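Presented below are the structures under discussion, each in the form of structure tokens.
Shared chain: subunit A. Partners: subunit B in the first complex, subunit C in the second.
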Partner chain A sequence: MNFFSVQRDIPGIDPVFLFHIGGFPIAASTVMIFLIIVLFVVFAVIVRRSFRIKPTRFQVLIEYLYQGMIDMLDEVTNDKKRSAIIFPIIGSIFMYLLVANLLGLVPGLSELMFDGKQIFQTPTGDFNTTFGLALGAIIVINIISIKEWGILSFLGKFFKVKEVIQAFKKSVGEGAISLVDLFVGMLDIVGEIAKVISLSIRLFANMYAGQILMIILMGAFAYILPGVWYGMNIFVGALQAMVFAVLVAAYYMLAIKPDADTEEQTQE
Partner chain B sequence: MTEEAAKLIGKGLATVSMFGSGIGEGYLIGKALEAMGRNPEMAGTIFTRMLIGVALAESTALYAFALFFLI
Partner chain C sequence: MLEILGTIGFDYRVAIANLVSFLIIYFILKRYVFGPVKKLIDERQATIQSGIDKAQQSETELLVAQQKAEEEIKSAKAEANQIIAEAKEVADVQVQQAKNNAHKEASQILENANVQIEKNKIQMEQELFQKTAHLVALGVQKILDEDVDQKRNATLNERALEILKQH
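Let's look at the complex of A and B:
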């Protein structure tokens, strides 16, 4: 046992199951998710109760945060009306991820043990959480897209049958070229799936890498050095929450009907 | 060759991808600094967009990192 280092096992990629409720396994990250939900509900009740016309310091802080999120979203959408439609989703994803990424860094929380396992694990350090979030976000965006375009033209974006028929009516040569478009359109379906995977793996890998490097650094030299990485973790946690939210907003902008003046293509 | 040796070679190969991510990030930050130099009053917006870009570029290396521990 070395005085300068704290040895710990590197956690695996699989979720850690704590106990079962009616045959349904409850993982450490799920417990943390419920903790976050409880925190949010308490927070919402407090904020709702304490709102006055003459704002207190606390209220100013909350309003500043809210305005900051709206400004960030406006920068992506370039349209106040669009922002108002999508803000409930983007805002809640951002707040949830911010708290989820940062709560795992609270000292002492990761030391609470149950049966020799951590009770609270960073939810975004578990691939299931991020994959569920990304899948949900992309499904919502596609539903919004269907609502906006109508089911037929939504499918028409992926299967460009109409364009092919029109091109063949003009000439055979153009028709042959439009077959390539048909294929590219079908590739967009793969693109939608790739969005889910890239969104979820990005967030998961960032958080998981943070945890692992922390443990490695603690094993190498347990003073000063982990502190620097701790600061980096706070920064990365906030940044990744923002990146996830901004990317979902950007995908939303790609999915809806483009306005005449907004031709901003924000793709990765 | 044993299975363990093959795994170690795979881990080594996975780390090579960090090379590309490093180039990408350096290029991105360099270009952002250039833009800030040309147009200092836009520095704030450029900086936030640069951070998002860096996070995106970094994720490539992090895919490799996740793979490194999966192997």
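Let's look at the complex of A and C:
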């Protein structure tokens, strides 16, 4: 035992299964999400009971955060109407990830054990959480895209058969070149899968690496240095939540039909 | 693909469980947090806007009232000036009329006085003549030293008067 260091095992990359309900495994990250749900329920009750037209300081803080999220979204979409449509999902992702990332930094929480396993695991430190979230976001975005474009136009973005036929009607040369577009269109399907992978791995890797680095630093010297890194992790946690939310918003904007004004500006 | 993901701990069951858990969070936040907060912000904005509108309306009403008051004051001043001018005119007329009346009355008084003076003068002259004639008659009577009867006295007086009148 060393007074100047805190030795802890580096957590594995696999999810920590605590128990099973009807054969369905319950992971430590899922338990932490349940805790987050409870916190949000409490928060919702506070909002419902104490929020008034004349705000308290806490209400001002929450409204400031709310307005900040809307402004951030407006900057991405450049369209208040679009922002209003996707705000609930983007805002939820941001708040969920923010709380999840910050809750993982609460001292002692990860020390609570059940059957020799930690009860609470930072949700974003489990790849399944980030993957599920990213997959869900991309599926929702594609559903919105299908609604906007129609099923045929949506599929036409990936399978540019119509363009190939038109190009071959003009000339064989143009037709040959259009085959490249056909191939590129098909690559966009890979792109959609890549979005899920990149979104999920970016968040997971950042948070997981942060945790490991914290354990290494605590093991080397438990004072001052981990404190700095701790502060850094709070910033990183908030930043990663914002990056994830902004990227989902950006993917949404790429998936929808551009407005007439935006299209004109792009052509210019 | 799943094998590669498996190396970083992918388990579709946990992924689904965590996604469903997120959907619960999404529902709570959308329904019980974002909705009420947005409603409150909108209500406050509407209250502020309503206050601004009312203030602007009051300002406009104040301006209109001020303009109206200025117009009323202007109108009242004009009316007052008109009344003063009319009063002055009436006063001038009345003063002129009073002056004329006074002149007329004064002339009348003067004329009456002159007439009266003339009358008095004539009367006095007549009385003077009569007294003078009487004196003359008395004088003649003394000179003549005779008794003159009543008839004769009257005749003498008349003659004395005629003589005085001739002179």
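The rule we apply is simple: the second predicted complex is superposed on the first by the 259 of 268 C-alpha atoms of A that agree within 3 Å, B and C clash if a C-alpha of one lies under 4 Å from a C-alpha of the other, contacts with A are read in each partner's own complex, and residues count from 1 in each chain.
Heads up, the rule we're going with is that contacts are C-beta pairs under 8 Å (C-beta built on N, C-alpha and C of every residue); 3 or more make two chains touch, one makes a residue touch a chain.
On a predicted model such as this, the values are computed, not experimentally measured, just so you know.
In the superposition on chain A, contact is made by A:Leu239 with subunit B only, not with subunit C.
Touch criterion met: A:Asn128 reaches subunit C, while subunit B stays clear of it. By the touch criterion defined above, A:Arg202 lies against subunit B but remains apart from subunit C after alignment on the C-alpha atoms of chain A.
In the superposition on chain A, A:Asp71 makes contact with neither subunit B nor subunit C. In the superposition on chain A, A:Glu174 makes contact with neither subunit B nor subunit C. By the touch criterion defined above, A:Ile13 lies against subunit B and subunit C together after alignment on the C-alpha atoms of chain A.
For subunit A, the partner that touches more of its residues is C, with subunit B and subunit C as the two candidates. In the superposition on chain A, A:Ile212 makes contact with subunit B only, while subunit C stays out of contact range.
In the superposition on chain A, the residues of subunit A touched by subunit B in one structure and by subunit C in the other are 13, 201, 204. Residues 12-15, 24-27, 29-30, 33-34, 36-37, 40-41, 43-45, 47-48, 51-53, 55, 59, 62-63, 66-67, 87-89, 91-93, 95-96, 123, 126-129, 131-133, 135-136, 201, 204 of subunit A touch subunit C in their complex. For subunit C in complex with subunit A, the residues that touch the partner chain are 5, 7-11, 13-19, 21-26, 28-30, 32-34, 36-38, 40-41, 43-44, 47.
Of all residues in subunit A, those touching subunit B in their complex are 10, 13, 75, 198, 201-202, 204-206, 208-209, 212, 236, 239-240, 242-243, 246, 268. Within the complex formed with subunit A, the subunit B residues making contact are 45, 51-52, 55-56, 58-59, 62-63, 65-66, 69-70.
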